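Okay, so here's the structure we're looking at.
A, B, C, D, E, F, G and H label the chains in the order they appear, each numbered from 1.
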């Protein structure tokens, strides 16, 4: 039977990865995710897996590229600046159609920033921080249990689509300790990998490559990728709705800010305000259709992020002008607390006309409110 | 008086940079921009500037970080994969508020891709390929003359806003040769740089830094950046409109695809089709207000890109559901030719109802039409 | 006659000065400074400090000044 | 009696084999192959090829085969 | 029962450990709990705070807007956090290192514990954190001291397990001291 | 006058150079011109094409949809480009290396120039490109041969300037040969 | 055809003809690598990693499994492969821009880790693929497109001797520099490659073969002249020999 | 106070107290760097570059102009500064994770270019700031959080001797390794820093001082024990001395 214990998010990511069949880890230390390589260095040898502390994040992602080429389930993890260094490698992995899991425990940015929680790598993750038209199937956990389950699931998804999968967490999710029911074992779906470069015994040679020197060929590769992303959009959209049916205002938030918003919503409901939570779990593919549907029901939206309005753009693209979209964000490691969100809710609910005064609906660059 | 000569785009970027006061170049070879470091290696020593062939793009961007810290006008150039490697450094430069010019002569991606023209680094450039909430003031030249003038101007803009400025070109623009009238001299606006780290003689010490360990401080830094970007949105929006006044359909395209679209439009006009061209010149800040205005006049839009629909999202965000937005794109180094665009125009103009059949308005991932 | 002064607030109590003093003229004090750190103190009853400044040179916190 | 065969279509006319042949049994041919490259040819009137395969070992295009 | 506490100190004072002890203790009693830390970059010297929420209900936000309690190891933390504490909340401070801070908040209860001194008596400065936790538990009753003592094996790193008796002693000394205050 | 030509070869055959010569020649006559290349990655062996558009009007698209003319240095280029050429367009090919391709397009004019052979006669294979350009100019009249010859100094790299007479000879030989075809 | 064939195209070479310039030693080195793979019977057991450089298409030219790495990262990619497949044979083939410039960290650390892989390093003193720029191995005074007046140590520094650099590490089991520009040199080169491969099979760890190679195109020399230059000049700055063998 | 002050806080140190752990040699090295800057009168002429590591806040602790570089790139940043300001004095201060892991390429190439900068390299055998992970300089057998059973060369390879590595290059003018853990060692360290700085003023090019440093916190030793360990163990694996002086 499943055991209930306390666990830190970073540890849950490690345990989930191993449950998901991860047998190779390549990473470089960076706060706030250091527990991940540390646990991996202790656990991988025990299960006959490989652990390499790489010389840099650039090396990490390229070791993952090579290790994934063999068909093994492998991963790397880092935090914002380190993920930026991986962008070339991620673009290669996506193009070579290699299954791999990447975890970003986001910290305050830009620049060296700090080690507190942030969600300002959303654009980098879902729009493509690297060059070219590729996408990262992205899952955003909001609890330690999801850290475990999503990481395990990520390896299946990576294999299913032959694509890199990103777990987008943040310093709160990674550093937080709470209860988790660790499942006895996780269902994993291992697939054949006839494409793997593991020696051409009994077959013709395999090549892992992202070079298509003839534009026509590269365009065909791109169309293949686009078809794959369309398929993900059909099959892998994940989200959670809470108290949205009767809601006038729907808060859209993921990860830690979704949890904070949940508390704010409970407080608002106590005040009789009709507010609900829409939590995108897959950030790509994004649950646009569901948002549009709610928009057409006449609901208003409030996006809450630890950024200056990044997912906000996907919400706006989803509702396509059919609903008012407001924004509340903190940045640089500042975390909105439930009361700040509650204030914003109070300000918005019951208010009839268009402009929410947050300055984020004007099309031009985004202003932000900071509770003083 | 200005001399009229033939020049290659990459050379024009070099000459424009020098005219704009560039005195330090740090770069690493990559096709299709190799002429830039090659010309720089010959010219910089002649004008008492510095040329360093860095050991990598990571080193290049960090040399730029150091060189810009001294207050000098400096630049680096690369192409898609190399720009991906610069993402951490770019995020640092933006946060440390250093003026610097970066040129991306885009090539086919993702991955190693190929060396033909592409516009698939749009997201990376304007949404933020690096971590955190920063933006790059981005200019997209469509002629050799603009390669020269925009690069020169970029140094002024970088100083004016203490921010990195990106010149987003592609293999066509970089490799193309055409006439240019080289101005006698370019007006440059040199500014005081009391913040520069050049020795603290007669003042208190200066520090160039992007670390703000206290979240409140980093949030304030972020708000300062956001204010700067808002200011750019007020002052630095650049675009060009041609034959849009009477147009039923407005093609939105930048750089090489704008030129191609221009020819298609001329052909369409010959057929009596009312089509115009809207060419964003600044990609950030994006000319959203102007697009919205035209949308409200009931015009339809067709975005033409060498990508699978990246700028398309900014067009949709701008018109905010008030107009139909169609898309035509080629990728992987395939370049749309004027007749393909003309066909798309024919298909769209005169057609009344909503769906353009390009599959790009469905909110879910983008499909694309490729002329067979 | 030489002497040293240890800035109690700068001291973190690493005890390196104590080990480096050839004359063993430094010892840990009781109590803590405002930062909650133990700190060392100079005890030179018979003025045997030679002002060699080894204590100061090894102090990571530059907490020691020396007079000679 | 040894001999070599030069694959005219693989040859790029670099002339390395010509320089490496101790017996000077290789020369450039007139004309071009279908790729527009000059190419070399084996000329061994009196069967003096010793089959040392130096020509083959130095050929960057693996255009030469040797029999002995 | 729903208790939100901020524990604040500087790196090396063992703030994270006592926060986790409280968390493990609470789980031992089948309560819901969330712990999360925030620190500066230095392993030592930098600020090191953690939030612990113990509740009978499911816990939403791990971030506390209005903590019930503050536990401060040294002076600066008072300044940084006292203002946030809820009206009639409790502020524990290490009176060995902190001068009476009661002026900071008229509407809170202040509990001074000479933790460093008591720890020193016990022969190891580093258990001042345990003394503070002991006092905290005695007064807030958010968990039983025994559950916390049992949790020591889980929380202390293997190379510190030999110090369990000392830590337990420190916890109890802290509790005793606090008991006397009532 | 508006002339769109694709010049196609493999790296090392000097396609880019003759394209640029045409461009510079045209500018010398105050025409508008755009040149742009596309190649494979290999310095040698890979495909190397360029597009040249010469026009009396402003030039929009640097990309040509329906070229008026193709200039092909060797076999493969015919296959790659012949189909694109406009009806009644002209296809120049290096007949030393290309077998008669006229079957590829019934509706185009084919001009075979034994460029490699002529170049070889001139004692340097590498000027086959110039022979082709000479023939192209003679027949299309898009610019004057002299303007192109003058452009040689601009286009040839400094370490090749000594070869100007040879290149000029090759240009003229190509023109002569083409003249005979009429 | 009389007699027996004593020299033919190795099986490990695919039948796609490479597109290197006439006289480029990349072709010779591919053939040698392929011959050794054949002779050691490794074809079906091999995963090769090729670089970004003129040899970027090596994955077409070999008939074993191949991975095309990003520029400079072949040692990291090979590490990833070898760690997951310790029983397979893994080699990396890299140019000097790839290995000694952008890939410096990956090279040094794969060597320091003693990764059980074999690396073939083609030092031709330039960036061939991108058009003949200066490389970290370009000798002082040599002209390249980014040092048009010749490499000036005052601004561009000095060439890196990679064998000597890596020989300071404890990880490598074999480090050698060869020059396949003479009959003897070609044979030595093949023997070096063979030893590097055998070391991996013997689990000895990182093996490294630096090959003094050429670039007739960007050196602007006839192929045979590049051979002469390597023998007379390159070997002076990059001495041949065995630097590590343990 | 009688007598004259013979030892006081150098001007080049700001009055912000650093937050290093008790007994950490980063503090001593900051003081030595500051003293040399004072004694050579460089304060107003200096641009310092600090790393990402425990010494990331060095920009607060020095009173000269400072630049905080991204992790490992200080040599590239310093290169950018020096190229634009050849007459200013430019130093970089880096840890062993910063300089010998992620920054390997930037270090090797700044040295190979003979960049006229001075680099102070703090080798404490661990990643202090991130919590005591294995560094490229961690000695075989030593326990760190990412080699909890001690560094095993079979999987983690061998430590890198950076001085020996860089000494194979022609660019550096001065390379030395010192250990400020004794009265003599502290004096030698200061002399080494002084020479490294003087070399730059003399335009001699790249100078490099490796400092065998400590990390009482993650080594889990008392400060004085770390001194003993450095003298008895570290110096065996990382011999002290001058490796280049020209």
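Operating definition for what follows: a contact is a pair of C-beta atoms (placed from the backbone, for glycine too) under 8 Å apart; a residue touches a chain by one contact, two chains touch by 3 or more.
In this text, all values refer to a predicted model and were calculated from it rather than measured experimentally.
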Exercise. For chain F and chain H, what is the smallest step count along a path of chains that touch one another?
Worked result: 2
For this session: Give me the chains shared as neighbours by chain D and chain G.
Result: F
Seminar exercise, completed: Contact-pair count is greater, between A-H and A-G, for A-G
Exercise. Measuring centre to centre with C-alpha atoms, which chain is farthest from chain B?
Worked result: C
Exercise. So how far apart, in whole Å, are chain C and chain G when each is placed at the average of its C-alpha atoms?
Worked result: 59
Exercise. In whole angstrom, what separates the CA-based centres of chain B and chain F?
Worked result: 34
Problem set entry | Centroid spacing, where centroids are CA-atom means, of chain F and chain G in whole angstrom | 38
Exercise. Approximately how many whole Å separate the CA-defined centres of chain G and chain H?
Worked result: 35
Exercise. Which residues belonging to chain F are in contact with no fewer than two other chains?
Worked result: 40-41, 46
Seminar exercise, completed: Expected list for chain A, residues touching two or more other chains, is 31, 50, 52, 55-56, 58, 81, 88, 92, 96, 112, 114-116, 209-211, 213, 335
For this session: Mark out which residues of chain D touch at least two other chains, giving numbers and ranges.
Result: none
Problem set entry | Partner chain B, residues of chain F touching it in the complex | 20, 23-24, 27, 32-39, 41, 59-66
For this session: Note which residues of chain C are touching chain H in the complex, please.
Result: 1-3, 5, 10, 12-16, 19-20, 37, 51, 53-54, 56-62, 64-68
Exercise. Mind pulling up the chain G residues that touch chain A in the complex?
Worked result: 14, 43-47, 49, 56-57, 59, 62-70, 73, 76-81, 83-85, 88, 105-106, 108-109, 113
For this session: Show which residues of chain H lie in contact with chain A when the two form their complex.
Result: 52, 56, 68, 70-72, 97, 101-102, 104, 127, 129-131, 133-134, 136, 145-148, 155-156
Exercise. In the complex formed with chain E, which residues of chain C make contact?
Worked result: 32, 34-36, 38
